[in-house]
Structures are given as C-alpha cells and as structure tokens.
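Below are structures written as structure tokens.
Look at the two complexes coming up: chain A is in both, with chain B in one and chain C in the other.
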Partner chain A sequence: MEFLLQGVAEVASIQVFALLSLGLVVGIVIGSVPGLNVPLAVAIALPITFNVEPIAGLAMLVGIYKGGTYGGSLTAVLINVPGTPAAAATAIDGNELTRQGKAGKALKMSLYASVIAEIVSDIALIAFAIPMAAFALRIGPPESFSLGIFALTLVGVLSQGNMVKGLIAAALGLFLSTFGVDPLSGEFRLTFGQRQLAGGWSFIALVIGVFAIAEALSILDANLAQIRQKGALRLSDPDHCLDRDDWRRSLPVIGRSSVIGVFIGAVPGLGSAVSAYLNYGLSRSLSREPDRFGKGAIEGVAAAEAGNNAVTSSTFVPLLTLGIPGDVITAIMLGAFIAHGLVPGPALFEQQGPFVAGFFLMIVAASVLHLVIGRLGMYAFVQTTRVSNPVLFPAVLVLGVTGIFVSTSSYFDVYVMIGFGVMGYLMNRLGFPIAPLLIGFILGPLIEIGLRQAAIIGRGDMTIFLTRPISAVFLACALLTIVVVGWREYTDRRKRRIPRQEERKT
Partner chain B sequence: MPGARGLNRLDADGWAALVLLGLCAVFLSNLLRSEATGAYVTSATLPIAVVMVMAGLSALLLAGSVLRMRRAPPAGARRPGATRGLNWRVPALVAWLIAYVAALPWVGYLLASGGFLIGAGLLYGNRRWGVLLVSALVLPGLLLVFFEKVMIVLLPSASLWN
Partner chain C sequence: MKPVRILKGALAALIVSTGLAAAAEYPEKPISMIVTWNAGGSTDVLARLLAEPLGAELGVPVAVTNMPGGGGSLGTRAALDAPLDGYTILATTSGNHILTPLKNDVGYRYDDFEPIGQLVAASLILAVREDSPWLTLEDFIAAARAEPGKYLFGAVPDVAPHLTLRALAESAGLELVHLPQQGGAPGATALLAGDVDLLPANAATVASSLKGGKMRGLAVFSAERDPAFPDIPTAKEQGYEVYGSPFVGLAVAKGVPEDVLATLKTAFDKVAQDPAFGERAIKVASALTYLPAEEFGAVWERDWTTYAPMLQK
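And now, the complex of A and B:
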C-alpha cells in the first residue's frame, strides 16, 4: 500500500486524466470500426506522447489499448461485425441477443464483464507481477503446443451440433495459417509464386471477410431490408436491463474467465483472441445448459468479453518485470518507455519506484474511467440499431475496405477480404460454423512453432510434451474436453433418436 | 451417364465435400513437390497433416451425403438453406465490390466510395435518392478527413486525373 501511495503525486494531474479519457474514447471508436486495429492507433498516438509527461503519455496509450480491446464488442453485438478479432467470440451470443431485441442487455454485460475483468487483471498486475512473470517464463514451446491443442479441442464445443463441419472449418483455418514464409526455416510455402502471399493471409482480412462481408451478403440474400428497431431504443427498458438471473449465470463465468485471461495475458505471444475463444469454449463446455450458448446466452457474452479484456493489464507483466513485450501493443509501448528514458525490467522497480506506482494507479483509474465512458458511449452506439440495413451495410462494406487498406496498404489484401467474404457467406449457407475457422487460424502458428521447437529441444523425442508438467496438464485438459464433448454429443444424439423411433412405432 | 446423374442428386454438403477434396488434392501435390526443411518436424509436416485430415473429413461429409441420397428423402425434408436458389443480388454485390476496389486507384477514394454506396444501396433496395446521395457524400468525406487529417494515413488518390 505504501508503495502505491508513492504514485499518487505522479497521477494526480488533469493532464493524465484528460489524456486517459481521450485515449479511451479514441480506443473505443477505433476498436469498433472493422479493419482499424488497436496497434495501429497506439502506433499513431506514440509521437503525441513524447511531448507530455511520461505517465500522461502512457495513460493515453493505455486508454487506447483498453478502449480498443473493448470497442470491438460494440459492433459485434449490434451488427454481427466484430471490430477486433477477439470480439468475434462475443458476436456469437451478443448478436443473437440483439436479434431477440435485447441489444442493451448484451452491451451492458459486455461492458461490465470487460471492466470487472480489467480490474481483476489490474490487481493481479499490482500484487502478483513477479510470481506471474516467473510462471510465464515456464511456458516454453512444449507448453505452447499443448495449450494450442487444448484450445483446439474446444472447436468441438463450438461446432453447434455438427462436429464434422466444425472440424473441417477448424482444419481449414489451421491450414490457411500455414501459408507464406515458414517462421522457422524462412522457406516459402504454398505461395504459388505470388509475392503478396509471402506474409501469409492477412488475419484482419480474414476476420472482416468472414464476418462483415459475409453478413452483408447474407442480409442481402435474405432480403432483410427493414428498419431493425422502430423508435428510440431505451436502455432502461426491461428487455435491455440485466436482471438477477443474468448476474447469477454470468458472475461465476466472469470470475473464471478473468483469472484464466490474466494468465494468458502474462504469457508472451498468446493475446486476447486466444483468451476470448478459450474462455467462451470452456464456459460452454462447463455449463449445465450448454444448449443456451449460440442462442443468446448472456453468460456467453460475459465469458468472451471477460476473457478478452482480462489480458489488458497482465500483458504488462513481462514488459515491466522482464522488459519483454508480450505482443505488438506492448512492443510499441516499450518504445514509449524508452523514449522517456525509462527502461522496463527489474531495475525499473528499484530506480523508478514512484513512477511504477503511478503507472499501476493510472491503470486502475483507466478501468474505472472505462466504465464511465463506456456507459455514456453506449447511448450513442445503440442508435445503430435504428439504421436500416440498406443504409447500414453499404457503409459497413466501405468501412471494411477502408480499414483493410489503412491497415495493410495493400489492394491484394482488400481482394483477399472479398474472397474470404464469399467463403464465409457460402459457409453460412452450407451450415459450416465460422468460429472454428478463426480458432484454427489463430492457433495455427502457436501449435506449429511449439511443435517444431519442442521437437528440436527434445532432439526428436516427442515424450517432452508429457514429461513437462504444465504441458501434461494442458494435454490432460484437452483429453478431458474431448471425452466430455464426445459424451454430450453421444447423449444428445440418443435423445434425438429415441423420439424418432417412437414416432416410427406409432 | 449414371455417374453424372448421381452427382446431380448430391445435396449441397456433397458438392462442398467434392470441392474440398479437389482443393486438398491441389494443395497436397504442391506440398509434396516442395523442398521441405527442418529438424525432426519439417516445414511441410503440419500443412500435409492438416490437408490429410481435411480430406478425410471431407470424405466423411461426402459419405453422409451419398447415404442421404440413397435414402432419397422427400423434397420437403431437405434443409431450406442448402437447396434454395442464389439471390442474383449477391453475385451482383460481390461484382460491384470488386469494381469499387478496382476503381479506387483510378478515380480516388471519394468518388469510388460515393459511387459504391449509391450502387450498393440500390442493390439493398434503397430507393430514397436523398438518403443515398447524403450517405454517398457524407460517409466518404468523414472517413477521408478522419484518416488523412486526424490519423495521418493516406487514402487512395485518383491517378486518372493526377
């Protein structure tokens, strides 16, 4: 506590709070626009932070990071177009609630779950930064591979009753992630002589394609041209308010997803998308009513959003304690630290104690301000439900094209996005679930690099995955998931078969 | 020909499986011809394994489709999503989207986006010209100002008239 009090003088300034608020607003807007990503916004804001106090500059970057991570859920819930890849998990149940006329409920749960998870993550960063860094260092290639396999088994959970199609979608995602230069040998794979494919398929083009473009095509196909919400939507209406039952279902899920998300955030290279999907899948497989998921389960929104946002503070664990950036955003922030003459690592805690304490307090303040700004912004965002589809979806398509062009400066990636859009539309039409495709694509590099590096470490001995305890635990969890999901699938089929047999008899 | 007649009776899942099997064959031949390197596990190991798995699963999907075809369900029992015809507006919108992206470097962001918004709005059934024109003017303008002035990121300019 004494340590934290040293930081009060550092953060108690109007400049810090003004830049933090500005960062949150910019982050929420950027995060909600499909194609615009948080690293891009943080990179653009970086030079602005050079002219202010170090803590104020970092406050703006933290605000963009936290706001952007949450902002993706707004469009995911309202129009089934996730602003960020991680928000794709939120769209599964969030948009279903919007279709049921409960958009306010989904938006509120998305905000509250995000803020609670952020606060858990803030506390973990402040109280357990050093032990968490020690844990993160024990996650090597075998553990990464096993974690990837565990997360991949959740595909079965997300296949929504059609295991074969779900597995095909996951395999397709995994396969698409292997295009381009091999990350270990630098060899070209599956590029078919195309220079543009050297870097592989653009992830953001895939996400916008299979969600935004596919949704726009599906809406057009179904001739859904009506105005979606007549009159002003009131967030205080009973359908848009969270009741006791919603909280009873969601609070345990938020707690579990926050803790898991904190650990995922502390491990370099995993990130919010892995956390969001892993937590969504876990919550569904552990639920007593798994059939509710995918049909507007409020706890589904809570799991995905808590998982997504729980990583936002814990990603600073390896940065602050070891000087190792865990992802692109913290790598850019490392630049901001260095530009101000601060070198993250163990020495930072000894030499710049008041600054570190101020940074911790600022991160907590960011979570509280996030709640206030998110709640106010909800009134503006919810109005998109009043815009008719013929006005909304052409605008979404322009935003998608613009976002991809701004992110990649490549027309090739824009065409790739259209191609993935057509693929997503066909997948929707043929009943192939989209979520496993994205999970496969996200986990592909983690699994491949983990497998190959572990094989080198073990000199070809693959028992390394079983002899390392954390890796063995992840593999055991994967096996357990397969058994649980398989058993559920079997009992569901039996339940469906018995009434059919009775029908035939009669 | 009996084979062609059988193919005609395949449902959408069967056709999807056939397309996937074809793609697997193309990718597998490419991967097997590549010079894979790496210790213990090569750069081609995972892609080949995944393609094999995908081919196996597609074969399962095809088998399910053939079994359903043999049982010959009544037309009404077929899933509506898989059998209903394609709405002509869908390929038209895809073509319009491709035309928009192709036009971007030639006519610039403002004009191409404005034109796209009007055309796409019409395809969606919007016949209110006032709304179409306002959206075509306001949205690209706002995005241009936001990206070029606030974010300092350049959007495509018109090379046709420099």
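And now, the complex of A and C:
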C-alpha cells in the first residue's frame, strides 16, 4: 500500500486522465470496427505520446489497448460481426441474446465481465508479478503444445449435437493455419507461388469474411428488409437489465475465467483470442446446463469477455519483470520505459518505486474509467439497432474493406475476405459451426510450433510431453475432456434412439 | 496540434497540386514512405518517427504506408514498380533488402535501388543466462567443441542473428543445434526459461535483460564495441572475425532523377544528424547509426556477398 502511495504524485494530473480517457474512447471505437485493429491504432497514436509526460503517453497506449480489447464485443453482440477475433467467442451467445431481444443484457454483461476481469488482472499484476513471471517461464514449447491440444478438445464441447460437422470445421481451420512461411524453416509453404500468401491467410480477413460478409449474404438471401425498431432499445427495460439469476450464473464463471485469463496473459505469445475461446469452451464443458450455451446463455458472454480482458494487465508481467514484451503493444511501451531510464526486471520495483507505482495506479484507473466510458458508450452503440439491415450491412462492409486495405495496402486480403465470406455463408447454410473453424485457425500455429520445438529440445524423444509436469496436466485435461464429451454424446444418442424404437413397437 | 498540422499539410498539398507552383520543383505533393513490415513493429515505429521531421524538411507531408508480407518482398516490389518520380520512398531493412531476395525468387536485387542513407545498424550480441558457466566466447567455444551437438541456440530462421551465429560456428568448427524462434522476444523468453543455451540477438531485444543482470553478453558482432554495452568485447577481439549488424535506412528505386535523389539525400542527412531527432529515436526505438548514401550502399554490397553463399541454393 505504501508502495502504491508513492505513485499518486505521478498520476494525479489532468493530462494523464485526459489521455487515458481519449485512449479508451479511441480503443473502443477501433476495437468495435471490424478490420481496424489495436496495433494500427497504437502506431498512429504513437507520435502524440512523444510530446507528453512518459506516464501520460503510457496512459494513452494502455487506454487504447484495454478499450480495443473490449470494443470488439459491442459489434459482436449487436450485429454478429466481431470487431476483434477474440470477440468471435462473445458473439456465439451474445448475438443470440440480441436476437431474443435482450441485447442490453449481453452488452452490460460483456462490459461488467470485462471490467471485473481487468481489475482481477490489475491486482494480480501489482501483487504477484514476480511469481507469475516465474510461472510464465515454465510454459515452454511442450506446454504450449499440450495447452493447444487441450483447447482443441474443447471443440468437441462446442459442437455437441453436431460433432462431425464441428470437427470438420476445426480441421479446416487447422489446415488454413498451415499456409504461409513455415515457422521453423522459413521456407514458403502452400503458397502456390503467390508471394501475398507468404504470411498465411490474414486472420482479420478470415474473421470479417465468415461473419460480416457471410451475414450480409444471408440477409440478401432471405430478403430481410425489415426495419428493426423505430426507437433505440431502452437500456433500462427489464429485458435489458441483468437480474439476480443472471449474476448467480455468471459470477463464478467470471471468477474462473479471470484467473485463467490472467495466467494466459502472463505467458508471452498466447494472447486474448486463445483466452476467450479456452474460457468459453471450458465454461461450457463445466456447466451443469451445457445445453443453454449457444442459445443465449448470459454466462457464455461472461466467460468469453472475462477471458478476453483478463489478459490486458497481466501481459505487463513479462515486460516489467523480465524486460520481454509479450506483443506489439508492450514492445512499444518497453521503449517508453527505457526512455525513462528504467530497466525492467526485479530491481525495477525497488529502484524505480514512484514511477512503477504510478504505472500501477494508472492501470487501475484505466479499468475504472473503462467502466464509466463503456457504460456511456453503450447508449451510442445501441443506436445501431435502429438501422435496418439493408443500410447497416453495406456500411459494415465498407468499414471492413477499408480496414483491411489500410493495414496491408493491398487488394489481395480484400479478395481473401470475400472468398472467406462465401465459405462462411455456405458453412452457415450447411449447418457447419463457425467457432471451431476459428479455434482451429488460432491453435494451429501454437500446436505446430510447440510440437516441433519440443521435438528439437527432446532430441526427438516425445516423452518430453509427459515428463514435464505442466504439459502432462494439460494432456490429462485433454483426455478427460474427450472422455466426458464422448460419454455425453453417447448417452444423448441413446436417448434419441430409445424413443424412436418405442415408436416402432407401437 | 496534430490535426492542425495535418490540415496544414493537406492544404499545402492541395494548393501545390492544383498547379499554382507550376515551376514543378520537387517535391510538390505528399511523399509515400513504404514500410515492408506491420504497423507497430520496430521498423514501422522508426519510420513513423522519421516521417514527421523529414516531411518538415522537404516541405511536404511524408505518409507511412504499411505493405507487409512475403518477407518484406511485397512492399519492396511496390517501391520498385512505383513511378520513378521520387514520390515513393522505401524504408528498407536487411530482411527485405538482402535476405529475402537471396533466399527466394522475388524478382529484385539489392542493387535495383539507390541508397538515400542508413538510419540504424543494430548491434548483434551473443547472450547467455546469468547462471551460465561461460564467461567469455572462448569458454563457450571450448565447451561446444568438447560436446558437439549438445548446445541449443535460439534464433528466427535465416535472419541476421541466425546467420551470424552460423558464420561463427563455421569459422570455429562447432556443431550447434538451432531451435527456430518466432521473434526476438520469444527467443529471449526461451533463453531465460532455459530452453536454449545461447541466443544471438539484436541489442534492443536483450538490452533490459543484460542491464538487469538476467543475461550476460559474450560477444558483440561489430567492428567496434557497442557504446551502450562497453563491457562486452567484440568477437574480433576474441579472435573470431565474424560480423553482423542488421540495418534500417531509406532507399528509392534506381532511375529516379539525379536532382530528386540529391534533394532526398540532403533532407535525410539533415534530419538523421539532428541531435533532437537522435534523442527521440533513443527514447522509442534505438540509437541511430547514421551513414551517408554512399557508405550505406557499400553496406548493402558487403551484406549481399556475405550472406549469398549461406542462403542461395
């Protein structure tokens, strides 16, 4: 506590709060627009941060980061077009709630779950940064592989009732993730001589394609020209408020997802999308009523959003304790720290007390401001429900195309996006779930790189996956999931078969 | 302040482009600076930092355009295919300029470009964990000779740190195992976690770990010691003439008019040598290692001939 008090003088300035708020607003908007992403926003905001106090510059970047990680859920819930890849997990139940006329519930839960998870993450960063860094270093290649396999088995949970189609979609996602430069040898792989494919299929193009374009195509198809509502929905209506039952279902899920998300954030290279899907899948498999999921379960929104935002503070753990940036945004912040004469590492906490304490306080302030700005911003975002689909979707498509073009300045990814849109539309029509496709695509590199690196470390001896304890635990969880899912599927089928047999007898 | 400046620039560009300045003095419209890597990456940050003062010096805005992909070859090709009028310049790096065209058939060579000047040449440092028994390069080489194939090093495949360590291993007759990494930061994590025994890395990647005492530098692969790490001896001092230092600089396609090239060089020289700009660069990116166009061109040729035998098949 005394340690934190040293930082008050650092953050108690209007500049810090103004830039923090600005960062959050920019972040939420950028995050909600499909195609615009947080690294791009950070790169554009960077010149502004040179001209202000270091802590204020960091505040702006933190605001963009936290706001951007959350913002994707708004469009995911309202129009089933996730603004960020991680928010695709939120869309599963969030958009279903919107279809049921309960958009307000989903929006509020995603904000509150995000903020609660952020605060858990803030506390973890402040109190346990050093032990968490030690844990993060124990997640090496074999552990990444086993975690990836575990997360992949959750696809089975997500596609219950339609297991074969779910597994096909996941396999397709894994296959798509193998395009591009081979991560270990650096050779071009499956590029068919197309240099544009060297970086693999663009993840953003994939997400916008299978959601925005596919959604637009099905609207064309169904000729859904309905004007949605005359007025915007009223967030204070009982249908849009969280009741006791919602909280009872969601709070334990938020708690678990926050803790898991915090650990995932502390490991460099995993990220918010892995956390969102892992927590969503885990909550569904641990739920007493797994059938609710996918049909508008409020706890599904809570799991995905808490998992998503819990990484946003713990991602500073490797930066502050080891001097290793986990992603693009923390890499830019490392520069700001070094500029201030700070050397990240255990000594940082002793030698640079006031600045680090100020940084911690600023991060907590960011979470609180996020709640306020997010709640106010909701009034603006619900206006989209007043717009009819034939007007809304062309606008979404324009934003998507522009966003994709801005980050690569090439039409290739725009075509890729349209191609994936057609694929997503066909998958919807034929009853293939989209989520397993994205999970396969996210986990593919994690599993491949983990497997091949571990093989080199173990000199070809695959028992390394069982002799490293954390890896063995993940593999055991994977096995357990397969058994449980298999058992549920088996009993479901029996239940379905028995009535049919009885019908025949009569 | 910022929007006002953009507005001013846009206005100026509008006025100029409507033909009021009929004299057609270069530059008369905004210049596009292609970055061949993603927004927010280290090259991108440096380019964005440079764009503002360079634009002020030239009197027109310089806009950064990210064209990532193909190991940097997509953006490099785009710079080559643009009209030869000097309105498209390339923020070029060892990766897209030397290594990618050597390794893959991308349809261009280093000498399809004219150098404008070098901005940064990073030092490569060979780092080990603080608890490593090796104190000098000789300690490590002796250990690696005694047990061939025992020690692992981490590096992104076929980039400067990897190739430099390969050159060292060849000249010292060592057999090391390569654990390919996905970037500088994952490599540093692998070293600290003990997954690899040594790490050749850009100084910026390991700077905080070295200063914080988590890692130790055995050697730096430059002709002179790095002023930021005066205690780390060069490989040459320890008897191995192995060099490597990835660069970032500016280039334009060959065929741009002489006077345009001269204008660009003069503006770049002025900005790159401005101490205020140097200070800013240290803050967010890295220390500058300015070289004028001619010497920068010599660096290209040196690197091309060094790496060609290792990458060409």
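Remarks
To be clear about the criterion, the second predicted complex is superposed on the first by the 496 of 506 C-alpha atoms of A that agree within 3 Å, B and C clash if a C-alpha of one lies under 4 Å from a C-alpha of the other, contacts with A are read in each partner's own complex, and residues count from 1 in each chain.
Here is the rule we go by: a contact is a pair of C-beta atoms (placed from the backbone, for glycine too) under 8 Å apart; a residue touches a chain by one contact, two chains touch by 3 or more.
Model, not experiment: these values are computed from the prediction.
After superposition on chain A, the partners chain B and chain C are seen to fit next to each other with no clash. Using the contact criterion defined above for the overlaid structures, shared-chain residue A:Ile456 touches chain B and also reaches chain C.
By the touch criterion stated above, A:Leu217 is placed in contact with chain B alone, chain C being left untouched.
By the touch criterion stated above, A:Val42 is placed in contact with chain C alone, chain B being left untouched. Of the two partner chains placed by the overlay, neither chain B nor chain C lies in contact with A:Ile470. Within the superposed three-chain model, A:Pro394 lies in touch with chain B and out of touch with chain C [touch as defined at top]. Of the two partner chains placed by the overlay, chain B and chain C both lie in contact with A:Ser185. When the two structures are aligned on the shared chain, A:Leu167 is found in touch with chain B, with no touch to chain C. Of the two partner chains, chain B is the only one touched by A:Phe405; chain C is not. After the two structures are overlaid on chain A, the closest C-alpha atoms of chain B and chain C sit 6 Å apart. Put simply, chain A uses residues 44, 184-185, 456 to touch chain B in one complex and chain C in the other.
Within the complex, the chain B residues that touch chain A are 12-13, 16, 20, 27, 30-31, 34-41, 43-44, 46-47, 50-51, 53-54, 57-58, 60-61, 64, 79, 81-82, 86-87, 89-90, 93-94, 97-98, 100-101, 104-105, 109, 113, 116-117, 120-121, 123-126, 131, 135, 139-140, 143, 147, 151-153, 155-156. Touching chain A in their complex are the following residues of chain C: 1-2, 38-42, 44-45, 48-49, 52, 65-71, 73-74, 77-78, 103-104, 106, 152, 156-158, 177-180, 182, 185-186, 188-190, 192-195, 207-209, 211-214, 280, 282-285. Interface of chain A with chain B (complex): residues 41, 44, 164-165, 167-168, 171-172, 174-175, 178, 182, 184-185, 187, 189-190, 192, 213, 216-217, 219-221, 223, 225, 388-391, 393-395, 397-399, 401-402, 405-406, 411, 414-415, 418, 421-422, 425-426, 429-432, 444, 447-448, 451-452, 455-456, 459-460. Partner chain C is touched in their complex by these residues of chain A: 39-40, 42-44, 46-48, 50-51, 136-138, 140-141, 181, 183-186, 188, 195-196, 198-199, 268-269, 318, 322-326, 328-329, 331-332, 334-339, 343-348, 407-410, 449, 453, 456-457.
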